[in-house]
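Below are two complexes that have chain A in common, paired first with chain B and then with chain C.
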Partner chain A sequence: MILNILTVLGVTVLGTVLSSVISVLPALHAYNVLGALVLLFYWLIEKGLTVPSEVFLPFMAGIVVGWSMLNTIPSILLGAPDESAMFTVLPGQKYLMSGRGYEGTMITGVGGLAGVFFLVCVVGPFAPRVLPVVQGVLRSHMHWILWVIITYILMSEWPKGGNWGPAGLAKFADAWRSLGAGLATFFLSGFLGFILLYRSPVSVEMAFQNIMPAFVGLFAIPWCLLNMISGANVPPQRIAHSLEINGDLILRSAAAGGLGGGFAAFFPVVTGGIGGLLAGHATAQRDEKVFIMSQGVSKLVYYVGSFTLLFVPGLGITRGGAAWMMKGLYVPRSYYDYFMVLGSIAIAGAAAFLMMSPLTRMTIRFIEKVNYRNASAIALLIILGIVFLMTGWGGIIVMVVATGIGLIPVLFASRRLNCLGVLLLPIACNMSGFGQKIAMWLRLI
Partner chain B sequence: MKGIAHYISGVMAASFCPWAVQAATEGNPLYFILGGAFGILPDTIDFKFYRFFYRHDFYVDPDAQNPDPQTIADELAAAVDKARSAGRPIRIKLNTVRMGADYWRQYVVRFDSENQEVQVRIGPVVNTGQVPVPNSEPKDRAVGRAKLSAPIIQTYDATTRVDIFDGPTFAFEADAQGRVMLHFLPWHRNWSHSFLVAAFWGLLGWLLWNWQAAVVIVAGYSAHLLEDQLGFMGSNLFFPITKKRFMGLHIMRSGDAIPNFSAVWLSCLLIFWNLYRLTPGLRYHFNFLHLIVYGAIFPIGLFGVVHWLLTRGDKGREAPIELEDEFGDTMTT
Partner chain C sequence: MTTNPLPGHADQPAEITCANCGQFVGALTRCPRCGARVEKRMSVRLFRYAALALGTIGLGLLYLMAIHRELPVVRIGDIKPTMNFAYVRVIGTVAGDPRIFKEAGKVRSLRFTVDDGTGEISVTAYRAQAAALVEQRKIPSSGDHVEVAGSLSMTADDDVIMRLQVPEHLTLTRAEVPVTRLGDVNGSLVGTSILVEGIISAVNPPRPESRMPWVVEIRDESGEGAITFWQDAYPDIRDKALLIPGSRVRARISVRTYRERLQLMLNRGEDLEVQAGDSARLFVAGPGAPVPADPTPVVQTPAVQAPVVPTRVVPTRAIPTRVEETRQIAIVTAEMKGQEVTVYGRVVEIRTPEAGTKAPYTLVLEDEGKRIPVVYWDDVATRLGENAPSTGVLMKIRGRVDVYKDTLQIKVSHSDNVRLVDIEPTATPAPVGEGLSEIGKLTVEMKGRVFTVRGTLGEPRSLMKGIIYPLNDGTGQIDLLLWDRLVPGPERDRLEPGQKVKATGLIGEYKGALQIVPSNPQALELE
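Here is the complex of A and B:
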């Protein structure tokens, strides 16, 4: 028993430490590494070696928790954000540009820690009793909920232009430039999603990484290119001795982020970014610190929560890449697995938060030594290398096309969340049962 | 209310229609999409279409480098004067002052009915989140005042902040008693926020789809109008029969967090309840009381208790009571 506990503790911390390396490398997603790990476990099983669940479950939990929390560092300081960090990036970048990058990162980290508390202590005890009921009622309604979310995303974008000048068509056109760009981004990404789903240029052997080059192109590369072109100079960063936050601020952030992240974790295809947007609107947030911290909560609850749902006894749903990969390897059976994963999440959360400050300081030293434009170029090279290694030329082609689409919101100041059409549109069509008809109409099948 | 509250209320309205739930169970999301889309449509019409074609008689365009509050006050007073002589409503637009990619100079306008004057104060630079930039207040107390040529009757807040994106519009309309009515954002909650327009959209939905779609459309659109009526501005509920906005109930403000979140949460619970009672063959059974206890009382109660525990010590450290308003006038307490 004690050996088991020590094993869980050890491998959780090991997974979290590994995640710190993954996290600070831009564009390398935890799911890419988890995919490689799962392949390694399959290989071991083929060779007749079994890895006990007390080793790989906490290890994977450590990676997912660590990455969800520590990936904030490049999101804010290096500007190569993961999609779910879209809403952290705007105020986070503001913090960076006012010399408060450390503070912004650490506030998001506190949000991550609050997310761990929310998952383990608030959701954890009630999930086996409440979530199966919720799932039972909503099971046959997931498709329209997704359509309702898509419609809201498209209808809720605010016109950025048309604020000055006399009334008329010119003013209307100025306002609709960003809105039109948003709609174009959504439908072009959706079309790309259909291509990836039905006729992907990525080889079959690497099919589990099918969507990765598209995400890199849609979100990470436009950001790197923008940094390189704009040549923004990052001011010297201050290391704040106090984050000037209090319990009430943490509570409000945990409530908003927990709702958004939880919603995203529970509903298929809804990502942390979308959950964050919905929760932000629903709770009418104004405070910048609450905004940043709630995105830290949302991101963690989304990634870790979706992974944890696989282990909730009596629920039987699989959400998120980590859970899908895990499901092929191991089917959780009991409360033993559930509580072991919850315990691992708590340990990993604490370990990741302890690593947050030193890693942030290291990254700040890096961006202060290396010109920001050069840092972005290095990030871009790393991204290109990873995409090529994982998906070959097929992936590079997808990435280039996705970059073209991902640049539209950057150039027209529209919402980057529209890029999620790559997932939302084809999957919503499939869930409602007319995806194949559209694919046939597009001559993809 | 915020867009998301209107939107989810429209979806909630659709969920009360058994045919919407039935169709959704069979893979047709149409009715729920219509409910949500028409729930938010009145504001979409106003903010994404109509306001760009709404013509103004005057534009107030403060100098970004050196905004002069007196000039702004004088222009507003001139518009009021013009409304008296022109015999028609005069529309004036207060443009925002952009200071950079994310920064705006805030200014505040107040119509003082008692002293029959308009007051303008230049405020701090704020970011797009409307958070003031420290030490960006003008060094001098930058206030401008101008006497109005007629008593002003206000139907909305006396004070208006102008800061991010699009500035507000006022319409001044003289009445038979020689007074001038002040209409805030005259292009908003006007013809688009009418039950008769809801009926028009319903009719269109009937022609395009069926009567069930028409019911959902009218329900979603009407939910928006009723929710807006809880606020201050009110709506022109029976355009084209009526020409002016009906006064709101003054229960809440559109940006308030608690009413907005309550509307969203309550809508979600009602949607969940409707799906539960209209979906056959479910394994789990509960009643409405269970839903309210587990879905509202318990989580909101828990939040309330923790919030109270975390903030109860702040009572003794509350900010001192402000004795002056934004214009330096003594406030009655």
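Here is the complex of A and C:
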């Protein structure tokens, strides 16, 4: 047993350290790396080698937790202001533009740490008793809740033009340009989602990564391109020795982010972006620091929470890419797995937070010496390589098309969140019972 | 704020800031602060519309590519975990009979197994798709050739299923099945689907309110057999009014075993064809039943389709060998002493005589709370063969009413009058185990012992010959394993995720996971 505990401890830290490498590369998602790891495990199984669950469960938990927390570093320090930031520059980027990127990153990191506490100490003990009941109550209502979320996403977009000049068609068109781009993005993404669900060009041998090239195209590549072509003048960054936060702020952030992230983790196909939107709308008007921190909480609770749900005894639901990949490798059965994963999350959370400050300093030193546009170009090449190796030319085709769609909100100043139509629209239609009819009408099946 | 820019920022193009107020505007063409128009060079504008064009045209081309792409055919043996979510086709034959799960009378899912020679895969259609298949009578039978397309879903438990998304993606070619003589039905046919023909010799419907199956006894020149079917199959039988002794039947049935006996199971009502035989024309089965004027052929008239309530078929005109009136045990009285009666009942007790005595064998039958002893002697007991009773089974007894030492009893004088009817003992008492236990307290060391657990059902997983529900009581989780042969489909239709149940069964272990295996439907109670 002692050996088991030491193994869990060791591989958790190892996974977290690996995640730190993934995290600081802009646009590289933990799920891309997890996909490659899962392939490696399948290969080992084919060769007759079995990897004990005490090795790969904590390892994957370490990667998910570490990435969820440390990914804040490139998103603040290497992220050019985009989308709605044109009007209300995201608070994280406000920190960056005022030379306080380190402080912004660390505040978000504190949010991540609060998220780990929320999951391990608040959700963990009650989940096996409470969540199955909640799931039982909500199961038959999921479809309409999903439509409400879609409506909320579309209706909460606001016009970015039409404020100036005489009234008339030109002003009207100016106002509707970003709204129209948002709607176009959502429905084009949704259409892409239908195609991928029923007739993906990705080889059937790699079907478990069907959606990956689309996500890379919709989110990662536009981010790299934007960094490369349209970055702002980033001033030198200062290293702060204290953070302007207190217990009250942390509690408010944990409550808002935990709610948003938890909602995203629990509901099918609702992602962290939507959880962040909910958390942001709940807090943005009050305090920027609460907003930043709640984003950290929300992101961590979404990614780690959705992964953890797979292990909650008696719940039996699978949410998020990591859990779906894990399910192909291992089906958790008992409290043994549950407590092992909770323990790994706690250890990984601590390790990731301890790595946050040195990694942030390293990244700041890096951008002070190296043109980060070049770093974005290298990151772009890496993710292109991953997509090609895992999904072949079929995946590249999907990625190129998705990139076209993903660039629309970036260039027309609407929200990137609309790209989530790739999952939301087909799944909401399926859950409402008419997805197959639409697919038939589209001649996809 | 923008002094001493970082590397690579010194050569920022002027067009990303507002010429009027100096605000950063990025790709926008109007400054959000002062509203001044920001002139962009052509390349930026081009990039914007190029992205829009790439998105829409590319998506259009991808769509055209998708709809002209043939769904790939895969060999079942080649399916790998990385194919999870793939939308593929498989071509093969149906192995075993399909199972239809119903809930509150509605079809919840339909499942069958396809074998293409390289392996087997379970194909499942849910709700609307399953209901459509049932409605279109597109339910495959064992041996049918199928081509089916759907999305693959697999877990680490090696549970691989294909989800049928649209009924049209199931192409069915019915297998030509030769008629098998009843005398030729033997153990080698177990697991196969065969066609049998014969004359109905007796029809044993279930009692009202019971969940017992129908049993139709048939015979041909080579032997006898009993076709068993569940009550949900009854409404789909065409010409139900002709389901009476003397009628000729033709049925596609599955050969199964239950407690080492062969069972001819009719899975769907439409697989039973009934034609009026000569003797059947002497019967009137109830209002609307056929009274054909012309002996042959039997022409069905609208009257034939009249609804027939599923109750006992009591002939009113006699075939001498089959004249019998079934009685409920409750209405057999001492006043009927000397009369011959037929009763149904569950065996609650068996008493065998002591060696060297002339005492009879005694079965105690129970029906609706009333009990009656049935007695017979060695000459009957030694000839019972497959009809030998066991506790819990439903028996049909024909005998003479008698009173012995003030106790009412039925005396049986011939082994033909003792028939085992219900080989799915729905009334078998639940096994008594070592009592209620928290799931968390069960361990592998308890393997082979019987326990009772309470908990909430999780999402089920299909097996080849059964289904697994995770059962959780808050202290731990155990797999509730329901084998088809022990807990049949109709019993399981009542189960759904989230439901609280109490289960009694043998504790087992598979791949490190604890299982509890109820041995009959009574071992499973909804709470």
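Methods note: the second predicted complex is superposed on the first by the 419 of 445 C-alpha atoms of A that agree within 3 Å, B and C clash if a C-alpha of one lies under 4 Å from a C-alpha of the other, contacts with A are read in each partner's own complex, and residues count from 1 in each chain.
Assume contacts are C-beta pairs under 8 Å (C-beta built on N, C-alpha and C of every residue); 3 or more make two chains touch, one makes a residue touch a chain.
Since this is a predicted model, take the numbers as computed values, not measurements.
One of chain B and chain C touches more residues of chain A, and that partner is C. Within the superposed three-chain model, A:Leu179 lies in touch with chain B and out of touch with chain C [touch as defined at top].
By the touch criterion defined above, A:Ile445 reaches chain C but does not reach chain B. By the touch criterion defined above, A:Thr50 reaches neither chain B nor chain C.
Once the two complexes are overlaid on the shared chain, A:Ser242 sits clear of chain B and of chain C alike. By the touch criterion stated above, A:Glu288 is placed in contact with chain B alone, chain C being left untouched. Contact with chain B, but none with chain C, is seen for A:Thr151 once the two complexes are overlaid on the shared chain. Of the residues of chain A, those at positions 132, 136, 160, 163-164, 433 touch chain B in one of the two structures and chain C in the other. Listed in rising order, the residues of chain A touching chain B in the complex are 91, 94, 130, 132-134, 136-138, 140-141, 143-144, 147-148, 151-152, 155-156, 158-160, 162-164, 166-168, 171-172, 175-176, 179, 246-248, 251, 255, 278, 281-288, 291, 432-433. By the touch rule above, chain A contacts chain C in their complex via residues 39, 42, 80-82, 86-87, 97-99, 128-129, 132, 135-136, 139, 160-161, 163-164, 174, 184, 188, 191-192, 195, 197-201, 204-210, 229-236, 313-317, 324, 327-331, 333-335, 367-374, 397-398, 400-401, 403-405, 407-408, 410-413, 433, 436, 439-440, 442-445.
Partner chain A is touched in their complex by these residues of chain C: 1-9, 12, 16, 24-28, 30, 32, 35, 47-48, 51-56, 58-59, 61-63, 65-67, 69, 71-72, 74, 80-88, 127-129, 149, 152, 154-157, 165-166, 168-169, 440, 455-456, 458-459, 470, 472-474, 476-477, 479, 497-498, 512-513. Put simply, chain B touches chain A in their complex at residues 2-5, 7, 11, 24-25, 27-29, 32-33, 36-37, 40, 44, 47-49, 52-56, 59, 61, 95-96, 102, 127, 129-131, 165-167, 255-257, 260-261, 264-265, 272, 275-276, 279, 282-284, 286, 294, 303, 306-307, 310-311.
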